[in-house]
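Each in structure tokens, the structures are laid out below.
Two complexes follow with chain A in common, the first pairing it with chain B and the second with chain C.
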Partner chain A sequence: MTLAKFEDVIQQLQGNDPVQVYRALKIVKNSIIGNRTKKAQYANSGIIHRLVQLLSPSNGVSEDLRMQAATILGSFAHGNDEIVSQIIAAGAIPQLLNALTLPSDTPPAIAVEQNIKMLEAATRALKAIYSSGKAYKKDIYTSNRLDNIMTILKVTTAAISEEANQASQTASFVMIAELTTSIIARCCTTHEEQTFLSQCGVIEPLVALLHSGYTKAQEAALDAFSSLCRENIDISRASLNARAPFGQMTLTTMLDLVRDKSQSMRLAAATCLTNIYRADVFPEPFSDIVLVVLPTLIKLLKEDNTLVQEKAPLIMADLVKDSETMQKAAYEADAIPNLASILASVSKEDDETNEHRIGVQGSGGLVASKEKVKENCLIALAAVCLLREECRTQAINSKILPYAVGAMSSHNPAIRLAACQCIKSLSRSVRHLRTHLVDAGVISPLLKLLDDGSPVVQAAACGSLCNMILDFSPMKKTVIEEGGLASFVKFTHSDNAALKLNSVWSLKNLLYSADSEIKRTVMQQLGYDYLIELLNDSSLEVQEQALDLVRNLACGTKEDIDDVFNGIGENQLLDILERRLTNSMMIDDGGDNASLTLEPALYTLVNIAVGSSQHKSALLKRPELMQSIVRHMSHEKASIRSSTAWCIINLTWSDNEDKVLPECFVILKDLGVEEKLKVMESDPERDVRDRARTALSQLTSLSDMQEV
Partner chain B sequence: MPIPATAPIVLTTTTPLPIVCPVCRDSNSCPKHCSNKVFTKSYEMVERELKTRSSVEQPKRAPSLACRSEDEQWVDISNQRLRCTKMGALYPGSKFKGVQKSGKTSYEVAVEIQHVDLAESCLSGYLNIKGLTTEFPELTTFFEAEIIGPKHSFLTRKWQAEEQFDYTHWKRFPAFQPYLKTFNQDGFAYDFYDKDFIFMRWKEHFLVSDHHLRSIDGASYDGFYYICYQRSTNQITGYYFHHQSEWFQHLTLEHVEERSFGTYEFR
Partner chain C sequence: MSTTTTPSKKTISKEEWEKKLADVKINKQDLNKLVMNYLVVEGYKDAAEQFSIESGLAPMVDIASIQDRMDIRRAVQAGNVDAAIERVNDLNPDILDTNPQLFFHLQQQRLIELIRRGEFAEALDFASEEMAPRGEENPEFLEELERTMALMAFEDTRQSPVSDLLHPAQRQKTASELNAAILTSQSQEKDPKLPSLLRMLVWSQNQLDEQRINYPRIDNFGTADLVTRDQ
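And now, the complex of A and B:
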């Protein structure tokens, strides 16, 4: 065969002569394998559309040509996101899925065998395309495509499991089973899809594949279980309890695979079990997760395998981020020093300007990969340090602060974001705020990030600053002086929900234990009118923070309460509070959301009830409000019951300065407060009992006074 | 912080220090050798431990990080919240005032609690002491408290506090009497949650004014306090312990009552 010129090949490909087209296809296929330049060159010549066209059976194209076209598309799609976008844009996905259609008049097993080459080419191309984040993943669920996929999966896995089959075919069956499973793994993203796939009977062939002994197919099965079980307790249970043909539980097999000799198998199995763990199927603490999965992930961090290094910290983050028990286990297994040393190693030579950009085959290049490792290590550290002080201390002692601070100035927004998350976790501590965090100079990069180009980074920086502006933080003053306050106020108007929430949160924290002067400064900038808007925000979380902000404003002197009454307007304020109390009763069927605003509203009332006769009287003359307070005296949450007792204590308080209002006793008596308090005296929670006792004794002395 | 001895430091203990364990003589009072029923964690206690943070009204869990799409970025990796917790007068912002006595001299002490995390059985705050040295008429240290319970035992096992020292200090609190024989047994855990008396260890870590300053003439904070807080009276009593300080310096604090409450929450 003579070497054809590039242009000639393109031309032949576009022609109608099947022989020439076939020849051209062969040339393209051979020249693009492993050759990035050639790939890009051909892709840019517009042949992708032609390939997709050739796939369509309606054009009377021979099976062989179609198969070649699918193979080449698969080759193009490998490891190049840009070309994948072109392939998707050309409409390849539906055509490739259609290529999986089996003739209805032939038994499935025979049909698969007859079409084996085509199926292999098409599934390989689909897997490559679906590996890209850019692909639209819903097509497999339309018309009868999923039926085809399930048939192929079932036939191939059954064929592998059967003893008597031809060795030559087995390799192809294993391949197709693996590829089909990978497609399912990548296209299963929602709860509905999980349920649907499981109803189609996907678990049984996956279990068979998991026990097949073919490494790649087993990995694919683990990937699919990861997707199916993610946040899905029912499917997680069903998968774990499924048994292998020889009777072993799937869970046991998965745990065995966590100890496999192949790194990628270990990672796949650990990922799968992490997802199953996160679905809450195991009783906590589940020793196999702590003793097998977690240590495996820690060891994988250090493996000399780029992909594993990139992914392992993120899986670890998933494993620990929502569980205090797991964070403790990670601490005890030395996850933190390990993460710290990797962070150090990818940070050290990483003067990002100085880096020579060497491409590494198959991944996004050395620099990109290092950045991914850095980002994910920062995220993992953020996750491990979320809840426990000993973890934070260990992380700081492992010297991560300089790298985390440096990472806040990265050119890569994902790294800046991860650094903010890490700093945020570390700053959930009075001790560290007062010492290491000040010393590390976290403030000025954080303040700079408030003006970041990415709103997500801005919001994360604002989140960290929420902790820096607390009363006991030595950095509070700097943040206010360096324009932090102005930024927080500005962000309360943001369209970005996270940024808005964090900015209101910062103001709330800033007003904790603040003097009247700071309160006035903040309110001059924020404005009472806008505060009212925030109190009625569409997001309950914003409402909660805004209410807490009012609670902090009203906490202090009578003048502080006056300021709030005048600023918001007495009636408007009490209307809002009353609504929070009554709303929460209507939807109080275990929904956490309602009580989100209930406690801040009640404590705002507690703080108002401390005030002058005028403040007290404002509450007492609102029967609805008073009734709601009394009704919440039997709320299921102890902290709510406690706050209602404080309301009564403050309303009935009297000393040299303050006298109880004359109408108080009758109002409380008519509301049945005394009876309620008597019940609360035998509350299961000591704090509630103690508060109720105080309230009751004050009420009794009021009653004595009435009788006199 | 210990009050520096005006005279050269001598151990002026009012009760003799049982350096020799009295086991051999009186098995009833020996914490180490007497056999008694060992209290194990009650079912309710375990339940409560679980309740303190995890299962109680946490918002919907944030999804897994590994399944984010490439251009998807999250502000928060977890929705779990770290709300301030409280127990009696142990709440953020709570203040206590009183004195620390050493022999005939006494010094004004003020304590302000900054953070309480019952799920972790710990709290932290500032301890202010007046008139200790002429150079520093007022000193404020940051301290962390371990609340004795399922996470922290009566046995200190650090800070140079051997079991016999634990014993002699805890013993001084009348409320500790019921646990004299059991406090050091395996499996014993004090269920503080519903008790009137809360035992703690307060350990000072650094000076609030300058955390780099490691030592001050005439004052040190190398030891720690054995603390007992009573919820029904809101009183705190404590004994300072350090090898080289005068023993049993006595701390008594009263709660400064407040009836309005601000709030903050770590993000």
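And now, the complex of A and C:
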């Protein structure tokens, strides 16, 4: 189209002559459908506002014009996110929702039939807009909009469910039912919304649609069930047990649809069943999931369908990520080699360093799709390898490492992020970490990602390095020497909460079982003053990591403890620890928050109590602190009870260098430690019983010494 | 149970076969659905309408949309791609917005028709303005676009290595792809079920033949007479 014609069309559209406006609308519609370039071109000309204006019935615009305007808005929504943002900013969503209002003086079934074309265009546009992550999805829950949507859903579902329906508009009825269901699927994002929709009676028409025989409507119903059942036990159970008009259980139907001919139907059914499985309503041993859903997902990975290829790995990740059973099943079903071969196939051809890549990023082109597949395969591999060593071994034997390492230098931040997660899962295996991961050269790209432009990627890189520096000393040295330490310290000052937390975490792991030299290097860079700030951070999680950091600093030689005492200041440190112990009792109304810092505080005390007579004395001199320790001897958590016993063991332990303090026995006796320990001797946890017994025997020998 | 027969060749009598056939209960409505499915997918609009009245069975889609689909198909076959695209967009705008490959093939067909009509300047404009951006999104499209543009390089296109693009078969291919996409959007199968059932029947009979079993066979699918071969 020439430029002149393009401008004519824009001008006609802005005019008042309905015939010219209609003609212009038709031209715009047929130009932009299927054509991303034209969508962007027309969107930039500013016609979206005019389209929204045409939608409003108050402007005396004819039904046909309104319908065309809605259709064009829907087509625009298939463009990029920027266009969707424009559509939303222009106020299209409320106008389109208003277009679903049915006249109150007509029976709903007739009203729907009379407005069928407008309803079809409006629901189509809404579905397209709501498919974007940019859309605000709460509007359907305000005023009577959900009533309208439910009415339309029920009328259309009833119309197509009748065996001998002779409706002249069947195709439109089916589409409106499908589109309305898709809108519900996309707008149902919270637990409250799930409950509300279910109370509005959404399950019944969805069950009917699921059994309607119209494939598109069935897929939409599965999508809606997926949204409704996500992490919702009640709705998952109700959905599974709902029965079709001919008596079949919905679960049976869903399992049939996992075996459907159509790939997108299989994917939709597998997604739905995955969400229901994750809601924990399936009885063990989950044979339907292991024998039907999982193998279907693995086969779908290999299908020649872009959308299915992109989504299937993500659903698999969802299915396995929290379940060791499913990770084992995925291993046995060869999910990992399959994911690995797809990862290889989408990694080989592309040349990440090539600046002149064909394709527009994020525009749905072939390259963008390959990148999505790569990202999602890495996410799936990360999930499958979370818990089991055999899975990690299989992944490494399937030769994913070169691709995962390569992906860390991708131009696409989402791929870099996914690669970090994948490496992190693999690095949970110390055996592989020391051999394959080091050989594959994972360290230097990870260190490079610490300087990434995206804080999310930085945090993930930090999280991956975290595992690697835990108890593998050569890695500690490398990370310190190659700038990792400097980055961690820098991030502890970050405004990004995840990055800050992960960096303190990394420092803590770096200090775990570290020698005094490493400890001093770290503290020279971090500074004790800032460590004190971190110990009093507004985030309890940061406090927890900072306390653990102190615990690791204090674990080792007496000189290490001296360093911590001098660095933080003996009194200040013990004040902080004492507060953590007393606070946790004050807020001990079932809140887990306070106990988050209780355990690291207690273990720091355990480490200090190992130290010299002076260190022991510093603790014993503080009655408040000692009382708190004793009070926690009957804490509900076994690891806490155990740590208090350790405190007593260390306080009453003597070696050649440092004798037990003479006042120790009396102090402990007055605190009633002996009685508490006797109770602990019959603790349900074996570890606690053993520690209590050791502590008691040391205490008894002290008492003997006292009497001598 | 008889134990005297030799396992050489089994014969099933016509009576026995017909009794077995009669034992299989087939829902009349299911048969009607098969017929309706055939009429709808193949686009026999009038027959579908009549059959719907006689059988009382809904055609799963409205009759008007069958007509639309047939009109669209014919428009592509007649080289009138613009009209076909407008009709599809009226029928369901999502079809071309969600099928980039189909959309590209329709654009390609438009380009072919321009070249066929000798409108080379328009063809060049169209290719650079409308089609090149699609090629950028997808390298496979770029190859096809280059092949189509090659049509213009030959004095006598019929002698060119890309002459197949001007064959009626190319229009047929595009029309079928579009037809299939419309059917999918209407929750219909791309192919009618009846022919695949017939293929299954042929396959089953061949299996029986291979087992050297003598049974009343259907040789003529038009009459479906059961014929028992002589020993």
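The definition used in the following text is that the second predicted complex is superposed on the first by the 624 of 708 C-alpha atoms of A that agree within 3 Å, B and C clash if a C-alpha of one lies under 4 Å from a C-alpha of the other, contacts with A are read in each partner's own complex, and residues count from 1 in each chain.
Here, a contact is a pair of C-beta atoms (placed from the backbone, for glycine too) under 8 Å apart; a residue touches a chain by one contact, two chains touch by 3 or more.
This one's a predicted model, so the numbers in the text were calculated from it and none came from an experiment.
Residue by residue along chain A, chain B and chain C are tallied for touches, and B comes out ahead.
In the overlay built on the shared chain, the residue A:N30 is in contact with chain C alone; chain B does not reach it. In the superposition on chain A, A:V174 makes contact with chain C only, not with chain B.
When the two structures are aligned on the shared chain, A:R278 is found in touch with chain B, with no touch to chain C. When the shared chain is aligned, chain C comes close enough to touch A:S75, but chain B does not. After overlaying the two complexes on the shared chain, residue contacts for A:H635 are found with neither chain B nor chain C.
Using the contact criterion defined above for the overlaid structures, shared-chain residue A:I315 touches chain B, although it does not reach chain C.
Listed in rising order, the residues of chain B touching chain A in the complex are 53-54, 57-59, 61-67, 69-71, 73-80, 82, 86-88, 93, 114-115, 117, 119-120, 122, 124, 126, 142, 144, 194-196, 205-206, 208, 211, 231-232, 259-267. By the touch criterion given at the top, residues 1, 26, 29-30, 33-37, 71, 74-75, 78, 124, 128, 162-172, 174-175, 213-218, 358-360, 363-366 of chain A touch chain C in their complex. Chain A meets chain B in the complex at residues 133, 189, 227, 230-231, 271, 274-275, 278, 311, 314-315, 317-318, 321-324, 379, 382-383, 386-389, 413-414, 417, 421, 424, 427-428, 430-431, 434-435, 454, 456, 459-460, 463-464, 466-467, 470-472, 498-499, 502, 505, 508-509, 511-513, 548, 551-552, 554-556, 592, 595, 600, 603, 606-607, 610, 637, 646, 649-650, 653, 685-687, 690. By the touch criterion given at the top, residues 52, 56-65, 85-86, 89, 92-94, 96-100, 103, 129-130, 133-134, 136-140, 142, 185-187 of chain C touch chain A in their complex.
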